[in-house]
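Common to both upcoming complexes is chain A, partnered first by chain B, then by chain C.
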Partner chain A sequence: MISGSLSSFFVMYKTIQGSFFLTFFTDQCCFKMATSTSTPTHPPVRISLIAGRYLVFDIDAVMVLRRSFGLCGVLTGTMPQNPTQNLFLSMPQELRAEEARLVVDRGAGYVADEAGDHLRLLKEMSSGVGEKRREGYLRELREKKVAAKRLFDEEKEAVRRMHEGKRGKGKKVQKVEEGGGGGGDSLFETATAVQPAPKEALPAITPSTSNAMLDPAGTSGAIADENLPEPSAFYRELNKRGYFTTPGLRFGGGYSVYPSDPFKFHAHYLSSCYGWDEKIPMLDIVTSGRLGTAVKKSFMFGAEREEEEGGKKRGEGEVRMFCVEWAGM
Partner chain B sequence: MTTLNQRTSALTTIVLNNLQHQHDWTALHPHTQPNLPRTLLYGLPPKRLYVHPDEQVEIIRAEKEMGNGGGRIPQEAELEWVLPLHLSEKWSPAQFAAVFDALDARPPRSREITKEEEERSPWLAYKGSRRGKRVLLATVQDDSTVTYYWMHDGLVKPRQN
Partner chain C sequence: MALDDDDNPALAAPPPTANTTPATPDAPAEETAEDLLEDEGAAAQDFRVFASLFKKNTHISAQTIRKGEKDFESHGTQLQADTLEQSRAAMQEVLSYTRIHNGANLVRGWYFPGWWADYEEGEEWQDSKAEDGKKERKPFGHIRDRVVILEGSSTSTQNLGRAVTGQAKDRPGRGKDWLLPEEALYLVERGSLDLWWPTKKFGEIFPPPPAASVEGEAPQPENTDVGPSTQPTGASEDEEDEYADGFPLSLQAAYALLIGLDGTRGKISLQKFQVYSNLKRCGYNVLRAPPNPPNPNQSSYRLNITIKNFFSSLLPSFTPSPPKSGPLLKPGLYRSYNQIFSQLSLIERHIPSPVLPFPLPSIAPYEIHFLVWKSSQKWTKLRHPSPDFYLSVVDAQESEVPQMEEIFGLLEQTPWAPPKREWEGNHGRLYARLKNGWRNVLMAVVDHGVINYMRWGEGGFGQERIYEMFDGRNGSYRGGKRGGRNQRDGVGGVGEVVGGVGGGGGGGGDRRKGEKYWLERWRNRWIDQL
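Here is the complex of A and B:
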């Protein structure tokens, strides 16, 4: 039920945020290495854990992750009307478990148990504590309505002007204008008419999405660190060195590793992560090396060194990496 | 029954013969060391086998500065490490790490590159102080096929093939 209402939310989100999204794509994303977990200049990134997937729904958060943390994730949102159109996917962004863990470890955000948190917020809404939140939600609804109306009006106005330009100042145009001013607009309230707050007597609204109920600076529903996925030292090391990673299936590896933002560079490596003492068949190394060379990349594999005596925790040890490429003989 | 030692030495012999007779390598020597799991080889390929992409950039820059209409800087071959392996083997990252930790980047008898030479022609540093650790994996199959793949220690960007 929750995921269903979320998907309807994506569509709405897309129409409203569409223009922002385009600027995000054309913008040169310069990746600044945020080396320390110093005081963040952005609200904590909310990663929603839904059905075992780590999703980010906020476009600003996606930009923060990409620019300052070298995380590009995978955009997964599609249009319910045309689900096979998958070349240009949109929000939400899905992160791998180790990426979600990295965001938390670097103090940039938190992972929220979305289903549980949503129900908790709903319950609170009917009690006194949630009254403010309810008002916030209604305000957000109203703002969205005004924004949608403005967009609609602008579009209508543009169409009208286009027709006016084509036909000149004939009688017909005047008729259209009269019709537009009378019948057309009466279907919608004007922007000013929407502004006054709804009467208290209105029936309560059940929010189908959580984001309007949330305090952007809060960490509602955050999952405790010990219940988060294991950190991956191999991935953390790549991220620390400024590499971006995407799922590697399209080049035949575990990850595709880019020297910087994938918008600007081709992948340098296709890579896999092994255990320190995991036995790798030679044929795997040879075939991956061969494949890597065929796609002008090098096959890189790595492992976290396991300390013999106590030493460091898992996910914090030294990482060794090796690159394999065809020798040309 | 053959011992493990005998089998790996047979492997070394196959690779040595293959390099010498099929690939025209010279100056081939076996190399043993107490902290190495098996005998490695080092030798001189007939022409240079590996040029780091950054070195290539330096060479092209030097050739441009030289002028004289597309003149090339002659590339001398350098000694390379070879690790003989059988296709049926399975090695862990720990084992590869141990091999790299035990080896010098430059095999014994490699030509010394002096500081002055490196300053005069920066690309020479990739044969000297800036040479990374790399080993040629020579993987043998029972039909005597030997395939050769480079393995570099650490992140080394791919060549522009």
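Here is the complex of A and C:
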């Protein structure tokens, strides 16, 4: 199989003559560095590790990751407001392992063993050891229920008033002979409006997160950093330059790379990461290159140069990237 | 509206992000709600925070979030930053929604992971719908994996869950529906189920029916103090009672309890759950595949076939192989293409058959995980036709493109599914037949929450003899009348023929042209050689 390592591509870059364009990837598109790691102004992001997958359940955390860390993840949950569509999904958000590690490294959050932690807390709460925790959890739940109930009552009231207004107008148009009954009707209705609504049961609520159960600002169930997989230097570099990435298998690569938030921009690159001395099969470049060009993206591949003297740790070496685009000559 | 907010110090205080969104479509509705509240002072703030949490805001569609066309790259303008911020705020508002269950549609489930741990599942039988009085086998129930018991039922739980029959009459919770982890989590996620963590024993929450008197009808829970909807609320003592048996779990807790590694009892892997809920959202009916499916390709046949194969391998084949030194084709006068092409077919083709010549076990993770049906009125969880699709779920990172034996192992778990009868003998349906294959299986490749569906089919290219139609259509040759017209450069000829045949499904004209061309080309070539 025809193949070449990344260093040979560097040579090829200078002498290239072929049916595809090879460009050395510089940061011509880089426009904004993501905010630095300094003192976070948000509570630590809790990333739940459940059966080897990394999930975020808190919408505030999702927004922090999106706004300040260039992580958009993948929303995977059914949207309760509209549960029969697949176009727009809801919480939880799934992160790749390297994204989770990146958040931890930047001091923005922690990864928690969610199943273990939950089982422990729930057992405590039901055995009486965690009575205080249970009370706090239930109190918060009740507050939410009351608020929800109030909102519903207000909405009902607003709707009722609107209807009443309409009916009032209609009655004005009608003749006076109905006036007696109509007047009595409206009198009756205003009377009930003044009265407090009859006590109904509070609605039940399923909270999105277990935050009320967990210690505030605590890191219960946190997993030691070294147990988390390292992000590739390639990905770290992309993130550092402000690029957003999403899983890219659907387009035939490792990641789809967006210049910024995918809400506003199309992906520019389809990228794959290799080892510095790893042979890159020509077939990879042809298939991914062609596939990328077909969806108006260029294929980007790169690797991290591993320093021989061991002066630099993994993840700090130079990362070199190339782009391939089909020229169609 | 935004200005009004600024004027009111009570409302401007902590910015509930949802309301900082300028001019969301629901502005008028919100305004009326605010009007009602304005005189309530400080309490109103709290309310505003919560308002966005419970409102459905269904009219915030994907369009609101993806406002306008996407740009190629950032040009650093305020406009661009604003539209992005609007999108993000809209997303935040929509995703802040809290699941809420109003009295009527409240269905409660309890998490009892250990209840069926020791259950041994055998075959279950049910009365057949047919009049012959025969019993039919119930679909495999995965009872051991069922961890959530339903207290009531609603339309959304109709096709989910399973009641375990054959239990002792005094067994607590008899006749109740039990959910699999994926069913429970799907219902919680779509806001149709309130999942509770029990703090009491199973028998206390679901007391056994008092006597045989209630037998036959589904025993309702006698302890009415459990249901929050049935009890008078208000006093704090009642509130305490409400949580006497347990308390509701969050979505996060539901994920923590119900998602697990493959093969853990009472859990499901996240990838499989994502595929399950994706299909359910699309409206498909999905059931877990039984662990050891009865092989649809009966083995009694297999023996016959293998013996037959064995004998046929001893017999000389009908077409004598050409001499080693060639020529491939015996010189002579040929009156039909059949004779020529059948001599040219040297390589043995795979011939799909209803029974595979040798058994192929499925190799993990390439196994059938879900059975999928298109939505239909008739479908019920206990009575359904054979599945429309067989689905395997694999992880994009942890698996490779399957090897030949893995694909065959997977395909053998699915029944013989030849192309439709009416396609037979119709050359226009050639590609429909090829695409359909003789067996097929779907594979969902999950890449960190992004699902890619693939279809693998057992192909039968050897079944489609294109040369047969050269003779059949035109009968004998009528001289090279139009030979000249179709004399073309050979480059790209094959592609054109294929294209012509493929298009034949729609219009016969193209196809015939392709066939003609093919015919003429070959004829001229053979005439040259002879």
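Points to keep in mind about this one:
Here is the rule we use: the second predicted complex is superposed on the first by the 229 of 329 C-alpha atoms of A that agree within 3 Å, B and C clash if a C-alpha of one lies under 4 Å from a C-alpha of the other, contacts with A are read in each partner's own complex, and residues count from 1 in each chain.
The rule is short, and it goes like this: contacts are C-beta pairs under 8 Å (C-beta built on N, C-alpha and C of every residue); 3 or more make two chains touch, one makes a residue touch a chain.
This structure is a prediction, so every number in the text was calculated from the model and none was measured.
Of the two partner chains, chain C is the only one that A:260 touches; chain B does not reach it. In the overlay built on the shared chain, the residue A:298 is in contact with chain B alone; chain C does not reach it.
Here chain B and chain C are compared by how many residues of chain A each touches, and C touches more.
Looking at the shared chain after the overlay, A:122 reaches chain C, while chain B stays out of its contact range. In the overlay built on the shared chain, the residue A:224 is in contact with neither chain B nor chain C. When the two complexes are overlaid on their common chain A, residue A:280 makes contact with chain B while staying clear of chain C. When both complexes are overlaid on chain A, the residue A:241 reaches chain B alone and has no touch with chain C.
Counting contacts as defined above, chain A residues 259, 268 meet chain B in one complex and chain C in the other. Listed in rising order, the residues of chain A touching chain C in the complex are 29, 31-32, 48, 50-53, 55, 57, 59, 62-63, 66-67, 73-88, 90-92, 94-96, 114-115, 117-119, 122, 125-126, 134, 137-138, 141-142, 144, 147-148, 150-152, 154-155, 157-158, 162, 199-210, 212-213, 246-250, 259-261, 263-266, 268. Chain contact summary for the complex, chain A toward chain B: residues 241, 259, 268-269, 274-283, 285-286, 289-290, 292-293, 296-298, 300-303, 305, 320-329.
Those residues of chain C lying in contact with chain A across their complex are 17, 29, 32-33, 36-37, 46-47, 50-51, 53-58, 61-62, 65-66, 70-74, 76, 80, 83-84, 87-88, 91-92, 94-103, 106, 108, 186, 188-195, 197-199, 228-229, 231-234, 239, 243, 246-253, 255-257, 259-261, 264, 267, 269-271, 274, 277-278, 281-283, 396, 445, 447-450, 452.
Looking at the complex, you find that chain B touches chain A at residues 23, 45, 49-50, 85-94, 96-97, 100, 136-137, 139, 147-161.
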